Amino acid sequence: MASLEQVRAWIDRLEAVYTENKEYLTELDSAIGDADHGINMARGFIAAKQALAENPPADIGALLKSVSMTLIKTVGGASGPLYGTFFLKAAMTCTGQTELDAEGIEKLFEDGINGVKQRGKAVVGDKTMIDAWEPALTAIKDTRQNGASIAEILDAAVAAAEQGRDSTVPLVARKGRASYLGERSKDHQDPGATSTVLMLTAARETLA
Amino acid sequence: MKKLINQADNVVVDALKGMEAAHPDLLKVSYDPKYIVRADAPVKDKVAVVSGGGSGHEPLHGGFVGRGMLDAACPGEVFTSPTPDQMEAATKAVSGGKGVLHIVKNYTGDVLNFETAADLCQAEGIDVEAVVVDDDVAVKDSLYTAGRRGVGTTVLMEKIVGAAAERGKSLKEVADIARKVNAQGRSMGMALTSCTVPSAGKPTFELGADEMEVGIGIHGEPGRERMKVKTAREIVEMMSDAVISDLPYKSGDELIVMVNGMGGTPLIELYILYNEFAQVAKAKGLKISRKLVGNYITSLEMQGFSLTLLKADADMVKLWDDPVLTPGLRWGV
Amino acid sequence: MKKLINQADNVVVDALKGMEAAHPDLLKVSYDPKYIVRADAPVKDKVAVVSGGGSGHEPLHGGFVGRGMLDAACPGEVFTSPTPDQMEAATKAVSGGKGVLHIVKNYTGDVLNFETAADLCQAEGIDVEAVVVDDDVAVKDSLYTAGRRGVGTTVLMEKIVGAAAERGKSLKEVADIARKVNAQGRSMGMALTSCTVPSAGKPTFELGADEMEVGIGIHGEPGRERMKVKTAREIVEMMSDAVISDLPYKSGDELIVMVNGMGGTPLIELYILYNEFAQVAKAKGLKISRKLVGNYITSLEMQGFSLTLLKADADMVKLWDDPVLTPGLRWGV
Amino acid sequence: MASLEQVRAWIDRLEAVYTENKEYLTELDSAIGDADHGINMARGFIAAKQALAENPPADIGALLKSVSMTLIKTVGGASGPLYGTFFLKAAMTCTGQTELDAEGIEKLFEDGINGVKQRGKAVVGDKTMIDAWEPALTAIKDTRQNGASIAEILDAAVAAAEQGRDSTVPLVARKGRASYLGERSKDHQDPGATSTVLMLTAARETLA
């Protein structure tokens, strides 16, 4: 079971992870975007962590909702509404809950990821964070059906997302700012897919 | 990185304070959330025109707030779309009961954030329409991608649509004019040097001492092609060809033209470029009715320029000539 | 050297052609000798105001030709004073029978060439008076040297004196106002980067990646001191101190203030600087009546800015507010 | 005796000399001025030579007047009016003449140099071209009084001007653009004094 404290630890961990990877993600975004993805993510999760510290929510739904609202208000850019939607949809499946079992974890990611897909209208192969989210979702559902533990589920999600992230390198972008580059977007790793892997890795480290 | 700033993370707020201090007669600034509204907002029974986007493109958008142009502007962090709470608060602050038009440059972040804001406003009973600007011919247009970037036409649209709103037109009429401006406007940019995002601390890209980037975006996004520097004449001919053939603009068309500096380009060069474009236009039978030569939609300290053409009928030119009173554009008052 | 030009030796002519093409409603251009006059010149029974100087400072001076400001401007080669034949021809072209005022920035070349021109004009019966601008506090003032350079106050003088002439004042009155503006105006500039004279092909000076030059001239002349880059606040405080203590400006004084970009400085930075100055002014009890924030007297693509203060009485402010219709400054029309 | 042709050769020679020394003079002007002195001088004498070719004057006075007018119209800056005045005043002493004896040469330089002094109001020690002109004038007058030939007179003038030019190096400028530099103008050779030496050297090579 993942407790409210663990979910809170996930967000706190993300603040550290994105602060550490701020330059790296920005570097990736310089090549095919506008050099702000790391700055955006770090700003957003610093604020999200702080908001939780100031008003500690009593259940996981409220916590994820707080994260969502903070991200929407502070990140901006494309990633703000997309990650904001992830946490908003995830929050809605967890309303009132203080712990999540494997099924709860599955639902959280399923609704969150579907929210991102609907919001951004990207599909696998467009060279976006969806290239990491979609295989992660498949892995989560497959392992959960086979009765896996939260740790096993998230291990599988991270592995699948990493593959998906790596698969973005040779692609020509069709969504987001990198799509303006056409052929020149090839041979670069998508910053959003990279930040998604970091999000899942942190989940693995805190929720299981 | 050398910049005339205090702290990289404070440039937007510090510049907003400067605008507030410099133009109290024209505008008011809110800091939480961040937006700028014209001093006399909300104007009753007038469609309000709201725009916004990342900072670093000054005078766009905040410098175009005022009578005859924008009712409000929402500044994001440098090169980062603003957030829905800013747009929602700005929309409410200027809503005069006749509806609000959102002018959105076509970047995924801007589109998504303005969408959320529109939903929030509509939920509270404010009639909001959004028009997306996507005029950059450097980017291939396609249904399967994010489409074209919104660049120079935004400036011309804000002026023309602001005038239409000031004349008391309805939200539908104002939005239709905006869509027409977008349909008839095309742009392309180029750069000799990169810009440096303050929080990033180093240039977004590197160009050789004899290289230029053609088709650059206003956030330093790479362009169509990197090539050796050419003369002003060759560059203008190449860029005019791309822009003119896209719509296409045809002999006899009347144009509003903008030769726009990217922020680090001296005015003497912009006039040299305008001279070259005037000759191209003459050769092609294009008639330049109105023009802007200067820095209107910039990319921090980038050296380079963009060319924007707008096919303008008599009505559009009349709206163009209407009075405007903003920090960045002023005539007739 | 990367520039948006055709040939280094042709930049002045090419830019003049661009101005002529862009502003046929406001001005006319002569190429041999080179000068720009307002479209309706000569204006009968009005004192004509003529200025000029090296090119590379655009919009100064050509961009300030038009109703309510200059009657004519004489552009020299880049950073090189124009010649007496230009000034003589321009003076004759705008002389409306009520005398002509020459506004001269205090550089040996400008002063000598304008002197010759005045002699030539007077020999032909045109009443000419010259006023020299020497407002740069970075340079020590002394009877035994060439004195102080003329910089930012020139812009404010051209506006105010142009309005006085437009109001029909006599040559003596107009010249007296010009001298008063000069007496009450002070400036200082700084640079983060050098400019590159097109014909020279390389930067005039080199600054380290963490250095700035304080007290820079508008031709890239070295300044008072080279030092490590500081924050906008520290720089503005340092420069304000130098400028304010020079006149000195005192608590209660009303000011017209210009925060001027050197050509390569983005507007977002100029607003950050203006914010800092507004705070300094408040702390010292100085009242800012009017202000300009933007690029008005530049030094090609140099990054940096200058600060100009003018102690302005109510009459000066009235002249400031009078209509002006030029490519570079426009209001009231 | 210096003939009309020799005076013409002097000007033609100056065109070559300033074109050759364009970068050198501009370099000197970069250090304590605005990086244009060589460009200015070359532009002026290219035009002066061309004007003489298009309208060959019939006497030395007319020739020097033509040079003066061309310099005034094409050089600009400080050096334009100063060298323009030199040739204007020199022209006036040679009106109608087609050859000059030693006394004529003395008068030419005396009136020319005095013109520059009156025009620019600089004195020796101000770190300007006067630091070369003034000792040259003294040398010309001294040698002429002792009955020297034109060659001897101009040899003495060049030698004195060279010394004067070298003397500008340690000076703090008090006139011209370099004066804005105050103490920082020290340890640089004045560009105008350098172009004056070149003018006298060319005179020595052509007039004697």
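Every chain is named by a letter (A, B, C and D) in the order it is written, and numbering of its residues begins at 1.
Here, a contact is a pair of C-beta atoms (placed from the backbone, for glycine too) under 8 Å apart; a residue touches a chain by one contact, two chains touch by 3 or more.
What you see is a predicted model; the values in this text were computed from it and never measured.
**Student:** Smallest number of touch links from chain A to reach chain D?
**Tutor:** Shortest path length, in steps: 3.
**Student:** State the chain with the largest centre-to-centre distance from chain D, centres being mean CA positions.
**Tutor:** That would be chain A.
**Student:** Using mean C-alpha positions as chain centres, tell me how far chain C is from chain D in Å, no decimals.
**Tutor:** Computed value for the inter-centroid distance: 32 Å.
**Student:** Using CA atom averages as chain centres, what separation in Å is found between chain B and chain C?
**Tutor:** From the centre of chain B to the centre of chain C is 29 Å.
**Student:** From the mean C-alpha coordinate of chain B to that of chain D, what's the distance rounded to whole Å?
**Tutor:** Chain B and chain D have C-alpha centres separated by 55 Å.
**Student:** Would you identify the shape of the chain contact graph, picking one of line, ring, star, complete or other?
**Tutor:** line
**Student:** Which two-chain combinations qualify as touching?
**Tutor:** According to the stated criterion, the contacting chain pairs are A-B, B-C, C-D.
**Student:** Note which residues of chain B are touching chain A in the complex, please.
**Tutor:** The contact residues of chain B facing chain A are 33, 54, 76-85, 107-109, 112-113, 115-116, 136, 138-140, 144-146, 148-149, 197, 199-200, 204-205, 217, 219-222.
**Student:** Sort out for me which residues of chain D touch chain C in the complex.
**Tutor:** 26, 30, 32-36, 39-40, 43, 72-82, 119-120, 173-177, 179-182, 184
**Student:** Flag every residue of chain B that touches chain C in the complex, lowest number first.
**Tutor:** 2-7, 11, 14-19, 21-22, 55-56, 58-59, 63, 192-193, 209-210, 212, 229, 231-233, 235, 263-275, 278, 291, 293, 295, 298, 300-301, 303-305, 327, 330-333
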